Amino acid sequence: MESRIPREECGIVGIYNAPEASKLAYLALYALQHRGQESAGIVSAEDGRLYMHKSKGLVADVFSADTLEALPGARAIGHVRYSTTGSNMEANVQPLLANYHAGSLAVAHNGNLTNADALRAMIEKRGAIFQTTTDSEIFLHLIAHSASSTFKEALLLSLMRTKGAFSLLLLRPDSMVAVRDPNGFRPMVIGKLGDGYVVASETCAFDIMGAEYIREALPGEILTFDKDGMHSEMPFAKSESAYCVFENIYYSRPDSIASNGRSIYEIRADLGRELAREFPVEADVVIGVPDSAIPASIGYAQESGIPYEMGLIRNHYIGRTFIEPQQSIRDFGARIKYNPVRGVLEGKRVVVVDDSIVRGTTIKKMVNMLRRAGAKEVHVRSSAPPWIHPCYYGVDTPSPKELVASYMTPQEICEMVKADSLGYLSIEGMRKVMPAGVGYCQACFDGIYAAGKPANFVKEIMEG
Amino acid sequence: MESRIPREECGIVGIYNAPEASKLAYLALYALQHRGQESAGIVSAEDGRLYMHKSKGLVADVFSADTLEALPGARAIGHVRYSTTGSNMEANVQPLLANYHAGSLAVAHNGNLTNADALRAMIEKRGAIFQTTTDSEIFLHLIAHSASSTFKEALLLSLMRTKGAFSLLLLRPDSMVAVRDPNGFRPMVIGKLGDGYVVASETCAFDIMGAEYIREALPGEILTFDKDGMHSEMPFAKSESAYCVFENIYYSRPDSIASNGRSIYEIRADLGRELAREFPVEADVVIGVPDSAIPASIGYAQESGIPYEMGLIRNHYIGRTFIEPQQSIRDFGARIKYNPVRGVLEGKRVVVVDDSIVRGTTIKKMVNMLRRAGAKEVHVRSSAPPWIHPCYYGVDTPSPKELVASYMTPQEICEMVKADSLGYLSIEGMRKVMPAGVGYCQACFDGIYAAGKPANFVKEIMEG
Amino acid sequence: MESRIPREECGIVGIYNAPEASKLAYLALYALQHRGQESAGIVSAEDGRLYMHKSKGLVADVFSADTLEALPGARAIGHVRYSTTGSNMEANVQPLLANYHAGSLAVAHNGNLTNADALRAMIEKRGAIFQTTTDSEIFLHLIAHSASSTFKEALLLSLMRTKGAFSLLLLRPDSMVAVRDPNGFRPMVIGKLGDGYVVASETCAFDIMGAEYIREALPGEILTFDKDGMHSEMPFAKSESAYCVFENIYYSRPDSIASNGRSIYEIRADLGRELAREFPVEADVVIGVPDSAIPASIGYAQESGIPYEMGLIRNHYIGRTFIEPQQSIRDFGARIKYNPVRGVLEGKRVVVVDDSIVRGTTIKKMVNMLRRAGAKEVHVRSSAPPWIHPCYYGVDTPSPKELVASYMTPQEICEMVKADSLGYLSIEGMRKVMPAGVGYCQACFDGIYAAGKPANFVKEIMEG
Amino acid sequence: MESRIPREECGIVGIYNAPEASKLAYLALYALQHRGQESAGIVSAEDGRLYMHKSKGLVADVFSADTLEALPGARAIGHVRYSTTGSNMEANVQPLLANYHAGSLAVAHNGNLTNADALRAMIEKRGAIFQTTTDSEIFLHLIAHSASSTFKEALLLSLMRTKGAFSLLLLRPDSMVAVRDPNGFRPMVIGKLGDGYVVASETCAFDIMGAEYIREALPGEILTFDKDGMHSEMPFAKSESAYCVFENIYYSRPDSIASNGRSIYEIRADLGRELAREFPVEADVVIGVPDSAIPASIGYAQESGIPYEMGLIRNHYIGRTFIEPQQSIRDFGARIKYNPVRGVLEGKRVVVVDDSIVRGTTIKKMVNMLRRAGAKEVHVRSSAPPWIHPCYYGVDTPSPKELVASYMTPQEICEMVKADSLGYLSIEGMRKVMPAGVGYCQACFDGIYAAGKPANFVKEIMEG
């Protein structure tokens, strides 16, 4: 799948009232590592103070026994982050920590505001100094500039001014607040751990901590955790829920649990089954692009009755830059990630299932690689509909003109990548599979933006 | 699968006459990373000199553009290594480099000598100073102490004195020599890259370099690469070939090619099929322990007709030590590596296929994890026969008394791990699947050691 | 001299319109390293952007060819810093960089504000978020919050609100501003380099850059450097100048030039001469505590006619923490820094000149060390008057109760340190030597604070 | 003084029977840091094992509390080292550690062998593999190859075969041996610390450890330290002692004690006095090149009656490479090290005393620097005679054709460096000052080599 480029930008976790909270947060961030590999950070609270450690790098590299030891207390929030090239400044690493008139406050944010530019300009006009280029810092300044007498009121009034996507964790010395935006674009789940609570982007974070999944946070819900436990409020005007479909198709871990209680794995297998019904083909073997498209390929195989095999092996230990010889090796970029299993492919008619096609360049190399490994026919199947529109709600997207489906028909793409056939799952097919009972944001496919577009879409402040 | 503990100790690669040889070696080592994650090193040759860079760490961490730039020339050998605890000294990192009366010489070794103790004592008596605790250094001293007038003769006489397993690469300023021991315990394959040659532990190293696989090195073959090309000799007395079955069952990458030209993946799928025939069971779903047991589980599913699903998700980015909270989390060790997919398991009768059971502790945690995820029944199937005897030929093995199958029957193990049933593939079943035409070493299963046991088995010198 | 504890907290340098400004700044910071060994930073400007690199550590460790390459342009400001224990946060490292409504702005500050607490509280009330615990950040917020339409006006109004000591450099993409507070507490000198200008804490920074010294900045002077050259303004109400006497006695480098054009070395030698007149003694040899008290000891020797010798050798390569054996070595702290030259001391009546006595513990160890090296008599002479009062203007001072002269008479101190005699230069004697024509701050000796004391002296915000 | 280039190559320390021996060794190496700034290492012994830590870098950087903790025991040897460019390999860092038939052995060596080439060739012929390019490794191989039944005999026979300079420390699990070559080229002193003993290159190492100086090791003495205390032997044929005069002139620390019990400082001051008698001049001020030529300049001043002043200030924190702007700064190399004190020099007739002139380039820059600082006349005085011949006994020397005095007369050098006069102390004058009762090696001045020259002088093996 070409979707290695669009990456979910952030994963968050919050722990309230559990011993060694920072170590738990570290484990949770490790489980959420797929949501952001560029930086990691944790802020913990104890005895009226906040403690922070954060840095660029993978979770396992950023933290050591010593750094975790220096993050005491039973309360913590954590963040992993991916950002677009050019703005991977050290200063942008989250959580962000502020000292202001009402004390200390840390914030971890997943999502993107659509009115960030206007808010930032307004706040700067009032004298604020920004330390980062992220929209996440806006929350801090709005709260610090609020005239409200209580933190809760300042927070509410600040949130009222923001538009867009935010799953937000705020840590103060004595309490933690979790907020999910009124559309619920980005995921947020609640769990129980001993006497305390945990909040995270996905349930896989609960499993590694040994916490128990309770429920999703509701769109527009504000959850306050303090010495009296968890308190829920729904202060926003009611909006349509608009859950990100791409979480289910691609971003979330397959072992995380979706809004209807099913595993993401099962949803993806169903997407594969639906895809097999929409785009059947005579073939000898079904393979998937590892790791994210494996569930859909298993579903496709089960529905079609064509055997599923591992036709592509993924090189481990990636996530680093590789040094390419000057005498460049053919399809180097694909080769460094995947290697075909010749015995599975040789002389076979191959269905290869991917979960997203972005620029079309990777799938083109993949088709070429499969043919050189002996495949007689290569049939490309995408378990996601054509990706045509950019995401303004927290997914790093290339500019629209780089999205191949925005300017080519499937038939043209099929010819360009030199596949024997190409089938994209339909939007309708996709929706049949998605858990019922909630609304979805599928703007990347249909261009309908529930929370509007930014007036002046500036890439640099789309991080968080 | 408990088999995370026994790890193949080394991977090697040699490049002769290809521009930017060190960069190619680096890519090859990256593809061979699964064979050793503790250290990596490359020695290159140019203009009569050898250049070396090596260190503890993963390939991608050990080398940078700068360090590769400092390894000039069209000839190079490389090594990745895993070692037993306690002897992971910096000095032991390979390749080993020596300056002696006949010039410079580097060696990269995969395997273990069974007469290392005696040889070392003999050489030390003659005044040699050892810099490492590896048996690989013995080759260097034997050659340096040889009275022979030519390097080739010194090498031959030295090799004649060694017993055990060695796939060996030697680099001199103007030539490269590859040796596979007379039994061919450890793998070694030959490829072509442009006008030059490549030698490696597995063919997956060729794929990443864009090299073409020619053939296996023969047991007892000495291959010399010099300005006139590749020369083959077979100077040893003919022995029975004794290829390591564990390479096919567990160590080698599934996309590498076995001795009969089939992919390792296919052999493992066949092991799974044979296992399904030997130990069928009524069940709802077949799952495999990622990543190595997936092919066997797909084979088991295909043969049994029970659907294959991804029931366990592997956490990426491992290979590092994790910091565990003091309030220890149940089954922490298993949890940090795998997470069950509840939707696949809940209420189901589950067959879980693993490729080796060593101490029995991991599979016990795994069964427990599957039950807590809702599995109604858990049937353990091992695509390898019971592992009873230690390996003296290059595989790190726990002491015999730690090998659960050496002191418990399968039935006892089944009870201990609390599975509903447990089936080990038989030795006969395994051999049916292995490529014909060569002999195998299956000493770990049957205790028959083709090259004898070390007189006094000392763990410390079992590395390489 | 015990004065190793009180250290000048900062050194600053600014370069305007000289190629490779960041490399020049780096050399200048290296020459100013004695003014702050805890951290170093440079901000450069080119094409409308600011570039920053800063970190904890010595100048030579913080910067590399690569990091300097990444600081392009012909304009730069730099900072070295020492801070009190506990607040050596990474975030506090200067220069500080801010993005606000009017663009980018960097600041490097030497000195301390006495109304920092009140200003910070006031600004935080208006919604500001502080990223550091330094008073230097206050300048940024005052400017950002100013309602003024121009930068210059905003700066002026901001400076009007501050009280205390500040030698300040501000860098914007197209201009640089240098400010010296109305009392001129902290030093600031102006030089010429080719077509451009340089500003620094001391002239030794000019020497290493090959720049030419022009003159001191005047108390209350604001110097603007832009494409039209250097512009001077004197917008503040006229104050008494109050130059720090301790710069001349201890902090500044001996090769720097004082306000009357004489070298600091000469002033110190004169202090020694004056001291010899005030406290003569029959003795065989005069030695000085290296390195800072050497000039005064040479002066003492010349005036008294007693031979000057090197009686104490300083260990080089200090500035690091040393690991002390548990079986603690006598006078370890002094020993790690100095070693006596027995041949010079044995059987001699020794005058040892120091330039400041803070807690009295170091000089006590020193006297002991000299006696053990054979000195028959030890006469301590201090080229500074008794240090009784804390400094609120930029010099890190122990709390008053740690200043031995604040609670003991010279006679008591003499007995405590077991010297044969002890003489402190008188305030009058000191003033005789100081360059005429300007006023001095000698608050540390006489308790008269030209710019008042902080209402609530808080150590944490005394840095910069 | 130009003598920054020729640097003493090594400092050594040994501790026998003192708790926390490695921490003491670390302190001693810190005091001996001037003898080698490129690498540092310590080997300690406890319970029959040797422990090692060593690395390139300064002592304070190489060791941490953790690394010292990992060097247990009451016995240790340490080494600091400088090496010529090109051979600063990690592998060459001392002490060297070997495992051979008789157990473990570590060696720390100061000096150079003159028959290293022949010995190395001979040993390699016998099959030895060298790990380093140092001549120090030869000792290990000679011992390992010895047929002797006891270590002491093997050591003796090995030493008999070596020619040249060696002050040597050998550590075995239960004993320590110190050896000084029969000529005593390189220094070695013995001290007492509690119940134990210490051996070092200079007495300054004893001072920092709190040890008491007993006496020098004698030329040709072998000292064995074991559970019964210290044992002395003199097994070599009696040779003329040939103590290195350069130790007294330049290398040793001024606070160390020379062979007659006087401090090095006093000897140097006497050299200055003698120089004043040989080359008097009418002048206003005497200055010295810091730090090493300061004692001689004080002596010159005392003898001549001309006032001594600090005319040159040394930048601290050097020992690192500096990044020079491309717009190169005049006399950058000198400037980065020294800065003139204009007030001391302006309008004055200046005598500048240096302790060695090597290539002549640095003194030329220095004279230029002094003139630009206002000196009316500059009279160069060297407290060492003209350096004409290379050292083969442990001092890194440029090739003879780089030694300016080997091809220019003092008058020519005076003109070349543009001094008003130039005077070198005579060999006779120098010898008058040197402690009586022992012989000296002054080969660098007179070309008489007490232990011969190497047959084929190869720079690469001149280290140690």
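Letters are used for the chains, namely A, B, C and D, taken in the order the chains are written, and counting of residues starts over at 1 for each.
Methods note: a contact is a pair of C-beta atoms (placed from the backbone, for glycine too) under 8 Å apart; a residue touches a chain by one contact, two chains touch by 3 or more.
Computed from a prediction, not measured in an experiment: that's the story for all the values here.
Visitor: Show which chains lie in contact with subunit C and also with subunit D.
Guide: Joint contacts: the list comes back empty.
Visitor: How many Å are there between the centre of subunit A and the centre of subunit D, using C-alpha atoms for each centre?
Guide: For subunit A versus subunit D, the centre distance works out to 62 Å.
Visitor: Rounded to a whole Å, what is the gap between the Cα centroids of subunit B and subunit D?
Guide: That gives a centre separation of 50 Å.
Visitor: Could you grab the centroid distance between subunit A and subunit B? Build each centroid from C-alpha atoms only and quote it in angstrom.
Guide: It comes to 36 Å between the two C-alpha centres.
Visitor: Where in subunit D do residues touch at least two different other chains?
Guide: If we look for residues of subunit D contacting two or more partner chains, we find none.
Visitor: Please list, in label order, each pair of chains that touches.
Guide: Contacting pairs: A-B, A-C, B-D, C-D.
Visitor: In the complex of these two chains, what residues of subunit C are touching subunit D?
Guide: The touching residues are 19-20, 23-24, 26-27, 30-31, 33-34, 58-61, 63-65, 68, 204, 207-210, 253-255, 257, 262-263, 265-266, 269, 294-295, 298, 302, 307-310, 313, 315-317, 319-320, 322-327, 329-330, 335-336, 339-344.
Visitor: Write out the stretch or stretches of subunit B touching subunit D in their complex.
Guide: Those residues of subunit B that touch subunit D are 98-101, 121, 124-131, 140-141, 144-146.
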